[in-house]
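Common to both upcoming complexes is chain A, partnered first by chain B, then by chain C.
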Partner chain A sequence: MVTTIARKDLQLLFRDGRLPWAGGVVLVLLATALLVGWERRAEISTERAAAQLLDYDDWVAQPERHPHNAAHQGMHVFKPDPALSVLDPGIDPYVGSTIWLRAHLQSELTFMPAQDATGLQRFGELSPAWVLQILGPLLVIVLGFDAFSSERELGTLRQTLSLGITSRQLFLGKALGQAMAVGVLLGPAAVIAALATFAGSGAAIGDIAARLGWLFLGYSLYVAAAVFIVLAVSAIVRSSRLALVALLGIWIATTLLAPRAASDLSRVWYPSPTRLAFNAALGADMGHVAEEVWQENFGLSTQWSPELPLDKWGLALQVDDHAGYGVMDRHFAELWDTFAAQQRAQEWLGLVAPVLAVRAFSMGVAATDFSHYRDFSLAAERHRRVLQDVVSADLVKNADPRGTGHFDYRAGTDLWQHVPPFQYTPPSVAWAVGHTMRSFGVLLATLLASLAAALFAVSARRAA
Partner chain B sequence: MLRTLLLVARQEARLLLADRTLWIISALFVAIVGYGLFNGVKQAALKETALASVLQAQMRGEQTRRALLGRILHEGALPDPFANPADPSVMGGGYGGRYAYMPISPLAPLAFGQSDIRPDYYKVTNRSKINFLYDTEIENPWNLLSGHFDLSFVIVYLFPLLIFALSYNFLSAEREHGTLKMLLSQGIALPHLVAGKIAVRAAVLLAWAVIVPLVAVTILRPEARSAEYLGPLASWCAFVVAYAAIWFALAFTVNALGRSSATNALILIGAWIVCVLILPVVLNVVVSVASPVPSRTELATRTRLVTGEALTRYATLLSTDYQYVDNPELSRPQNGRIAIAGRMRGSYLMERDVDEQLEGLLDAFNRQLAGQQQLISRYGAISPAIVAYEGLTAVAGTGVRRHLQFQRQIDEFHRRWCTFFDPKIQEGIAISEADLDSMPAFVSNEEDRSVMRTSVVTGLLQLLVPAIALALFGGWRLRRYSVV
Partner chain C sequence: MLEAKNLTKRFGATAALDSINLRVDPGEMYCLLGANGAGKTTLINVFLNFLVPDGGEARINGLDVTRHGIETKRLVAYIPEQVMLYGVLTGLENLSYFAELATGRKSPDDELVALLSDVGLDRTASSRRVSTYSKGMRQKVGIAIAMAKKARALLLDEPTSGLDPKAASEFSDLLRRAREDGVAILTTTHDLFHAKQTGTHIGIMKRGSLVANFSSETLSHTDLEALYLQHMQA
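And then the complex of A and B:
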């Protein structure tokens, strides 16, 4: 019986043109988004991989020069583009992808793509994730807002129930019908998206498949929750018109208003510093620590004062660098922890606005969320320190004994080769999924709550 | 005719007030307008405080440097080699660098625009621009992705929805309730009835959308009251009114089609989804494909290559040792001249070459972005939301165009700065006290008013022409409107 109801609903949706039309628009957008993402990744990933290789080759092949000069030129590292960025670019438009590893200071990711875009960027980034997260629930609303109410208006609900069908059976049939309608549209789209993700990606097939599986699960929970909410409203509200208005209101409030309000709230709860305040605090702490270590090691109160003999410059560089590491670690960790806390708060707000939870989950699994950027930034900084340490150790050993000839000293390929190439292994699926468990839990809770609401609504409201 | 209109309007106002709809919608609208404004005012204040403290720090620094230079020149003080105000290679660099800044517009609270990703100030030194041009504000990327709840969001996204809530059924409901026949039998012409109904709704909503922000901005930002900002404030109001006009025209036309209230609501929401949600996102992709910016990866690679070449070119200079360690006296100017450390000169020349060689590529980024902006000015008319967003942010002084103009000024200031220090570094001429007064200072220039005016007029036309066309079509349909 349940499947009969589902089949009937599906047929109706086909006949009144809603499924072909509304679904068609969503599919066209999905296809466009996929194509755009695929093109972008194809271009970016080969370019970055090539640039990374070239960068190291150039480092090793550089002519003989003073190691500190070489460290000033430094190296560039490029964040590899994850395979699933085709589906969900996550925070990509708002963070850079390149880090210039140079002497003295921890560098940050530069070249934010949003800086190379116009104000239209702020309307959203066309990606399959955006289409599913924002337009997905709308599609469900368009398909299902009158699932119960129209039957009530036409009087067929009374007839159906008089046949001995329980309201729960009816609900299951309706839910299945909606799921089939969405499935007919998104099923093939998911297969094409999966193929597009595999094609042209150098990552391991197992890794991609696992991520795709999780992503599929996450979006299924999201869409299912939307279906239950739509059915609940359709069952409880008097007319189809009211149901539609109520559902559109909920959709606008939860997908468009809530994310903005939530980010405001999270900033109130966990304020992040301005660039000015951050740099000032970092600079002040660096200064204090430097003062201490310079006093302790060289008996000097100012850095690089004329009283520091040239045969101590290499050592001073090493001491100075090492003193800064802890300070930078502390300041950046504090900043990034604030970002993480802001996101965490917003994921919990996903209980009210599920789009926040699915967004966090989706970009986490796609490896385009902040935790992945943080991991990359840390790896890059570790590499910068390796470079610094190799250079400083060499200066202590070879330049310092030369006294006044300090900057005359030149090192060659032997030293350059001591710095290993930057090899970054992005976190595994297990790591990514582990980091998204909170948002997954929130999604699951939303699903259960919406299911309960739907069941309650269906049993509370009979055919009247 | 006017009397009939007034009569209809008064009656309509009475009905709406009794219905409570107007109260609810007004309360909701004022609340979100207020919240959007609150966020905008907070952001603008934050930016202003930051800019003020940067400029204050610069002033303090300059006083310290001036005092130190005086002590060096007149009292024979011995400066730190890397904090030596007499040494042009140090003063032209990070130690003496000056800020280029974009003043926060008094209308900034009206739209966040680009203010959360593009800084309003950069410290300009004689190093290559690549060193400072890509600084960003600190903001959680997740929050940037979400966007801000500012007044432009309220106007562009939510205002049309409130217009719909009041107008989706202003004619269809009368017909469905059977009251339309009654009204028209009183000798009121249908166009008068429609005009009266729309006038009341538009008056109420526009009063909230225009007056609340105007009052708030002129009270909280007294500079906005000056004659200079009268034009921009009027333009801002005109954009809000023109944007409302197009949505009211749509609601009118949809009602004139004579469908049911439910269908009207669906058509209006559908149009909103297409215009506000879908078209801007799609046009963003189109302009980035049509006027693509060069690759940032390539910029990184080129930077490394030209830096490497410059290191080799100036290897001899860079290999010289700091003489001041053995001879601290060298840090003090003698007869207007000073010994510039070879390494300092080498570093400067290196940066100069890197800047020259990257210039073309860096320009290409701004050129392509300006190209995208131009495409939007031309094709943004496909969606009123795009035109309104662009217009509102431009008038508020937080749009891309003003930032691009600022970048051009930075370029120019950087050139002036380098030109001032170049001969001094090359020839070892010490910085004198007179030089401190003649050092290039950044003067911010706003973009040409005629450019702004043209863009405002174009934007308004892009909103008003379709609004009038829609209204004419609606009027034509209204003549064939069946009241039963």
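And then the complex of A and C:
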């Protein structure tokens, strides 16, 4: 019964030209998006690998010089481009992927991670994820807005029900029919996307496959929820035209407007400081702590006071750096926790606008979301501290004993090689998925709620 | 097989059905006559559980249709006054789909083509899209759907409306054969002649009430016409 109805609906969609047309448009868009992403990645990843090597080579190839000068040159580290960034570049295009590790400064990629760049803002960079998130529901609407209402208008609903078909069977048949229609369109696209992801990436096949699997599951929940919502409206609204208008309204509100509102709301609930305010607060705290340690260790009331004996210069550098670490950690943790809280709030708002949940889920699984950005930034900072520690330990050992000759000291390749190249292992699939469980849960809840709504709508409507 | 007991249905102030009692046994064909708006379609809709009665009960094979809507619908085949089909599908595809819903299995195409030609739709016609069909042609597909269901009871609401005389008379033959096979038939019609010719029982409805109810053998065509007009004028 159910499959009979589904097959017939699919046939109708083919015959009336909707499936070929709407599907064709979405497929072309997806293919274009995929090409764009693939090209972008091809460019980026080779460039990055080369740049990182070059940069480390530059570090090692430094001439003999005072180590602190070397630390000021520092080195650049690059966030590896995750394989799935072809499908969902996430926040990567906004935050960039290069960090300059150098003396004194913890550098973030960009102050605002802009994970919540909204639908329209992201229009510029066409990605498969964007097409699915924004146009996917539109496709479902085009295919299904009249699924029930047209049967009522044609009178075929009566004919069908008179045969002893229950409205639930009819609903399941229609849901399956919609799923098949979407599957016919997106199935091949999914396969192509998967192949494209594997093709251009050096990452482990198992890792990519697992991520693709999760991504597939997440988007399936999202599309299925859209199908149920569309069927519910089609069942309850009087005419097809009204159903279309209502659904387009819902689409505009929940996929175009809601993300903007959600991002504003999350900032109201969890205000984040401006870059200026953040730097001021960080600077002030660093100053206080520095004052304390300089007083305690060197009996000086100002940092880098000219009265500092040169045989303590290296030690001072070490002490000063270490004193700052805790302060930086605290300030950045607080800032990033605020961003994370904004992010969480937006994910919860996914209960109202599922696009928020699927967006977070998708970039989380693709390893292009805020939590991955944070992980990378922390790793980069750890490496920066290794660099600083190597430099100041060397100064304490070899330069300080020279007393007034401190700045005549020169170190060479031996020391530079003490700083290892930056090696970053991105978080595992399990880690990524663990961090997206909230949005996954929200998607699941949305699916169940929309299913319940559809079942209710279908049973609430009598035949005639 | 089909039974109405004190069946009442009101739409606001108008009583579309006013305490109707009737019974159609296997092998019988009950023809309901009555002016427009007399309540004939309403009665059929109640039997199909498309309308819930305000009083009394309708039973199919002893089962109350309100409480056992799905089971009772599976026991009957229904042909509406206007058969509604999918315009973008062919007659054959429509029949194939609805027959599969009705019987739960896919019938071979040649069986369905034969069924369509039985009701007067030839092969070329049945492979055309229904959007190109005349009303009578759609009606024929509806008849084929009902036949494919092989139900023990038929609920027919002016099934021959739009059929040409030849097709109408062929349909009468189909009904006669079904009746002789023990099918119970309840049909509404404005065609006194066919009612008298194929029906075993005739009822006349007026403003929701069954005002006359007799066996068709007991009176001639002219008597029926006189009786009908007499009721309509009163």
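Quick note on the criterion: the second predicted complex is superposed on the first by the 449 of 464 C-alpha atoms of A that agree within 3 Å, B and C clash if a C-alpha of one lies under 4 Å from a C-alpha of the other, contacts with A are read in each partner's own complex, and residues count from 1 in each chain.
In this text, a residue touches a chain if its C-beta (ideal position, glycine included) is under 8 Å from a C-beta of that chain, and two chains touch if they have at least 3 such contacts.
Everything numeric in this text was worked out from a predicted model, so none of it was measured.
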| item | value |
| --- | --- |
| Chain B versus chain C as contact partner of A:S428, first or second or both or neither | neither |
| Chain B versus chain C as contact partner of A:T4, first or second or both or neither | second |
| Chain B versus chain C as contact partner of A:P259, first or second or both or neither | first |
| Partner chain(s) touched by A:L154 [first = chain B, second = chain C, both, neither] | second |
| Most chain A residues touched (candidates chain B, chain C) | B |
| First (chain B), second (chain C), both or neither touched by A:Q417 | neither |
| Touched partner set for A:R275, first chain B, second chain C, both or neither | first |
| First, second, both or neither for A:S459, with chain B first and chain C second | neither |
| Interface residues of chain A shared between complexes with chain B and chain C | none |
| Chain B residues touching chain A - in the complex, by the definition given at the top | 39, 46, 50, 53-54, 78, 80-82, 113-114, 117-119, 134-149, 153, 157-158, 161, 261-262, 265-266, 269, 273, 277-278, 280-285, 287-288, 293, 295-301, 303-305, 307-308, 311-312, 315, 318-322, 324-326, 328, 331, 343, 365, 368-369, 372-373, 376, 385-386, 389-390, 393, 399-400 |
| Complex contacts: residues of chain A adjacent to chain B | 29, 32, 36, 43-44, 47-48, 51, 54-55, 58, 62-63, 65-66, 69-70, 72-73, 75-76, 78, 90-91, 93-98, 100, 110-126, 130, 134-135, 138, 240-241, 244-245, 248, 252, 256-257, 259-264, 266-267, 272-276, 278, 302, 304-306, 308-310, 335, 338-339, 342-343, 346, 369-370, 373, 404-408, 410 |
| In the complex with chain C, residue positions of chain A that touch it | 1, 4-5, 8, 11-12, 15-16, 154-156, 158-166, 462-464 |
| Sites on chain C touched by chain A in the complex | 45, 48, 50-51, 70-71, 73-74, 78, 80, 82-89, 93, 97-98, 100-102, 104, 106, 142, 145, 149 |
